Amino acid sequence: MKDLFVNGVVCKDAKLVKADDFLFRGLHVMGNTSNDVGSNVTAVTVAELAGLNTLGISLARIDFAPGGINPPHTHPRATEVLTVIEGSLLVGFVTSNPDNRLFTKMLEKGDVFVFPQGLIHFQKNVGYGHALAIAGLSSQNPGVITIANAVFGSNPDIAEDILAKAFQVDIKVVRQIQSKF
Amino acid sequence: MKDLFVNGVVCKDAKLVKADDFLFRGLHVMGNTSNDVGSNVTAVTVAELAGLNTLGISLARIDFAPGGINPPHTHPRATEVLTVIEGSLLVGFVTSNPDNRLFTKMLEKGDVFVFPQGLIHFQKNVGYGHALAIAGLSSQNPGVITIANAVFGSNPDIAEDILAKAFQVDIKVVRQIQSKF
Amino acid sequence: MKDLFVNGVVCKDAKLVKADDFLFRGLHVMGNTSNDVGSNVTAVTVAELAGLNTLGISLARIDFAPGGINPPHTHPRATEVLTVIEGSLLVGFVTSNPDNRLFTKMLEKGDVFVFPQGLIHFQKNVGYGHALAIAGLSSQNPGVITIANAVFGSNPDIAEDILAKAFQVDIKVVRQIQSKF
Amino acid sequence: MKDLFVNGVVCKDAKLVKADDFLFRGLHVMGNTSNDVGSNVTAVTVAELAGLNTLGISLARIDFAPGGINPPHTHPRATEVLTVIEGSLLVGFVTSNPDNRLFTKMLEKGDVFVFPQGLIHFQKNVGYGHALAIAGLSSQNPGVITIANAVFGSNPDIAEDILAKAFQVDIKVVRQIQSKF
Amino acid sequence: MKDLFVNGVVCKDAKLVKADDFLFRGLHVMGNTSNDVGSNVTAVTVAELAGLNTLGISLARIDFAPGGINPPHTHPRATEVLTVIEGSLLVGFVTSNPDNRLFTKMLEKGDVFVFPQGLIHFQKNVGYGHALAIAGLSSQNPGVITIANAVFGSNPDIAEDILAKAFQVDIKVVRQIQSKF
Amino acid sequence: MKDLFVNGVVCKDAKLVKADDFLFRGLHVMGNTSNDVGSNVTAVTVAELAGLNTLGISLARIDFAPGGINPPHTHPRATEVLTVIEGSLLVGFVTSNPDNRLFTKMLEKGDVFVFPQGLIHFQKNVGYGHALAIAGLSSQNPGVITIANAVFGSNPDIAEDILAKAFQVDIKVVRQIQSKF
């Protein structure tokens, strides 16, 4: 049976379901921000909390070191609603072609901001201390596409001439960026 | 135009949309729990944050005085995923007929629990201090039905003989409860 | 294979499907109303009629003894549209917070009434004879939550202090009601 | 404002909604079956019952004279679940290409049958008296396409050579059928 | 495992998915139009291209001999958007009861036309040469119901008296048409 | 009335709808590929073809000069199914975190490929002549986010230090790329 996957997740026999299936512990644990971008996302999706299956929602905790960023990314299957628990965040999202308008705001503790489904968005800790946000996402399995990683760090690489033309840069620059991811 | 409502909410001309339409401020403000149940819900739905329109998600903050409860209620159009920011909560939901199983857990800071769509659920602050939770809901307009208020405090009242038979109590008890709501 | 459940129901091999899979017999049989509330619901959902799988609809028959009630309840995943086949029914539903408005009507044979998704509603036979209604529900598995049973008769019980505070009654009253369910 | 249509139906200001918006009267009235097919459908959709708006369900009453048929038809946006209130019906639906299997059953009072979304189906009163069925449909606006009327009675006509080739008959036969609709 | 079907199609283990699962080859191959109607549909649905599973879309190629028709048919679960790659097509669809309006257009190369979900529609090659169209459909498994085949060629047959009354023709005409399908 | 927008598009009065509302002309016209990337997309969405409103599908034509690319982009609300009408295309999409797998294929005339909703994908004309593809998209308004334009060409710019950290490059490189968009 180990090769059978249905909508990604098999439902449990209703008779065997128990309260633990609806519980996840540990969202209070600060994520490790010692990385290149200075942020960390702890996701609570159907992969971590089986009771979310078929229910269309998930949560995440985002930690930011001072100056840390959650780099430009999208959720292919979800809108995100974020609230700042601690610190100050500069956030933004960019609309679709042809306008590519950047909607941006400085958020303080208690502010709530919406990142509509599939749009590229980012957050940056612009305060002096650690920053923390909690986000709701409108899918049990929202997915995350970090733009830089998907474009310059895919496995295998996207051909460098395609990226050079797409970003209007020399192939050397593409290679340089690819080497980081 | 004031009488036209579509899915409850009219979309704004895309050209006039601005970043403020995606922003709500004030979720850090503690709700006033000086009431009969000792809790307070601050909802951020499409009514408070227009940018949620069509996007299928909302947030809420729930404050609890010591011993306070968020009394048994349902969201007719949403699943809720709650995480404890501060304090200790006893939570539970009850499944449908015929089993009416109570799934219950004691939650501490950082615990996440799922209340599936439309099921009756509750939370109680079982710690010594204030408790705080943040919840995501899978609708821009989830609705809240507090069971006691809807059943015993509707406007006008549900006929007392119906409630007496439904709850298997004397009509005097129904009247007594109705008088509180 | 007995532990595999998908959306609750496994689809049959299309080649093996036959007309019997779309047929349920017996909705003309009067339900037994010799119970505390004087009513009986015969549901035809995907559990009783496999051919409803994935199709988003089900039916029910509701019988009422004289004076019988279908006590306040909700369907967590469906709107109900009911028509009176025989008798006279007093029906109503209550809207969400903060208004808790009761929308109520006296229905006669041939009247049709809508109970929107997830709202608490009830029916009472206010005629001299038996009453009968047929209802369509907008889910193959609408679920039924009888408020009194879920709140006062869950298994295990909801803590009595929570119910006492929620319904603003003495704990003795809670125990009294719980003892009936 | 008379030219504005949204999903076909404008929502009413929630403050102005009243119980009458959820009520339709008259489904007990026998439809007039004095027509070419000997049957009559009384539909209760959002056009007749505004409170169904956005709720995804509707009802219908179908009357049959002895020998009357509800001729082959489809609902482009709904599954139908029908129950026989009175009489005996021969019913059936045909699956899609390439199999075109006819799933057919003789229904008596109390039998329930499913006609999956968009499939061609029919009913015939095969008893000696009047027959009556009540059906639930999984859309507030299911639509009805009577095959013969749409194919041979459209306005304007479908070109007769197309129908002759489609039905593999002489153009005279097409004209003869078209003259009836 | 061969008897287990879920939404018709089992998802593959994500780790085993490969690029070939998203690829179908051969839509450039002209379909064989040597048949009674002079047309041929090559469908690329989830049955032919597993990577479409859960994604709500499919494609089709339609070839027409001179004078060939794609006879009146419906897709029970999809809207179709067609564009003419080569040739001239007369196309049309008929609205629901009671209007049965025929919306028809002559299409040339590069024209795009919409056939809304579940409505009866057709195309005819009215040019001198071969015609070719590509269509998108809004379901991974749209289904096709060719009206003549489903009504007069089902297996087993729909009773001839039902069809005679439905199409207002003599039973002999029904038998004649049935004999062709 | 010019400021009222509902789901982006107002439905027309059904009585006034005509065949032209379902027709778009001109998809045979080759797009102008004399631009930095050597490709051009002609979209037929609800903005160009009003009859697609509420129907969940659209079409597009993509032209490629020799060596031209359709640079990495996403559709926030749609899956794309593309078929090659003429020429040879190298195509690919990248999966979500953490794997960022590139699924890539060389497509020839008649090949069909799926780009799942919201994932970053691209096409490149690797043949000697012009290339042409037709694509179906599972939304009436799929949206297009060209990664380079949204990230480096938004209006106003995303702060250069955020992009420098996200792409792990010097701020000079960011400025250089931004200057191109």
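Order of writing sets the chain letters: A, B, C, D, E and F. Residues in each chain are counted from 1.
Going forward, a contact is a pair of C-beta atoms (placed from the backbone, for glycine too) under 8 Å apart; a residue touches a chain by one contact, two chains touch by 3 or more.
A quick note: this is a predicted structure, and the numbers were derived from the prediction, not measured.
Undergrad: Name the chain whose C-alpha centroid is farthest from the C-alpha centroid of chain E.
TA: Farthest by centroid: B.
Undergrad: So which of E-F, B-C or C-D matches A-F, with over half of the contact pairs the same residue numbers?
TA: More than half of its contact pairs match A-F, so it is B-C.
Undergrad: If you list every residue number at the chain C and chain D contact, are more than half found on both copies (same) or fewer than half (different)?
TA: Shared-number fraction above one half, so same.
Undergrad: Using CA atom averages as chain centres, what separation in Å is found between chain D and chain E?
TA: 22
Undergrad: Return the distance between the CA-based centres of chain B and chain D, expressed in whole Å.
TA: A distance of 41 Å separates the two centres.
Undergrad: Between chain A and chain B, what's the gap in Å when you average each chain's C-alpha atoms?
TA: 27
Undergrad: Just curious, how far off is chain D from chain A if you go by their C-alpha centres, in Å?
TA: 48
Undergrad: Note the residues in chain D that touch 2 or more other chains, in rising order.
TA: 4, 6-7, 104, 116-117
Undergrad: So in the complex, the part of chain D that touches chain C is made up of which residues?
TA: 18-20, 22-29, 44, 49, 51-52, 55-59, 78-79, 81, 83-85, 93, 103-105, 107-117, 134-138
Undergrad: Across the complex, what residues on chain A touch chain F?
TA: 36-38, 69, 71-72, 74-77, 90, 92, 94, 96-97, 99-102, 104, 116-120, 122, 124, 143-159, 162-163, 165-169, 173, 176-177, 180-181
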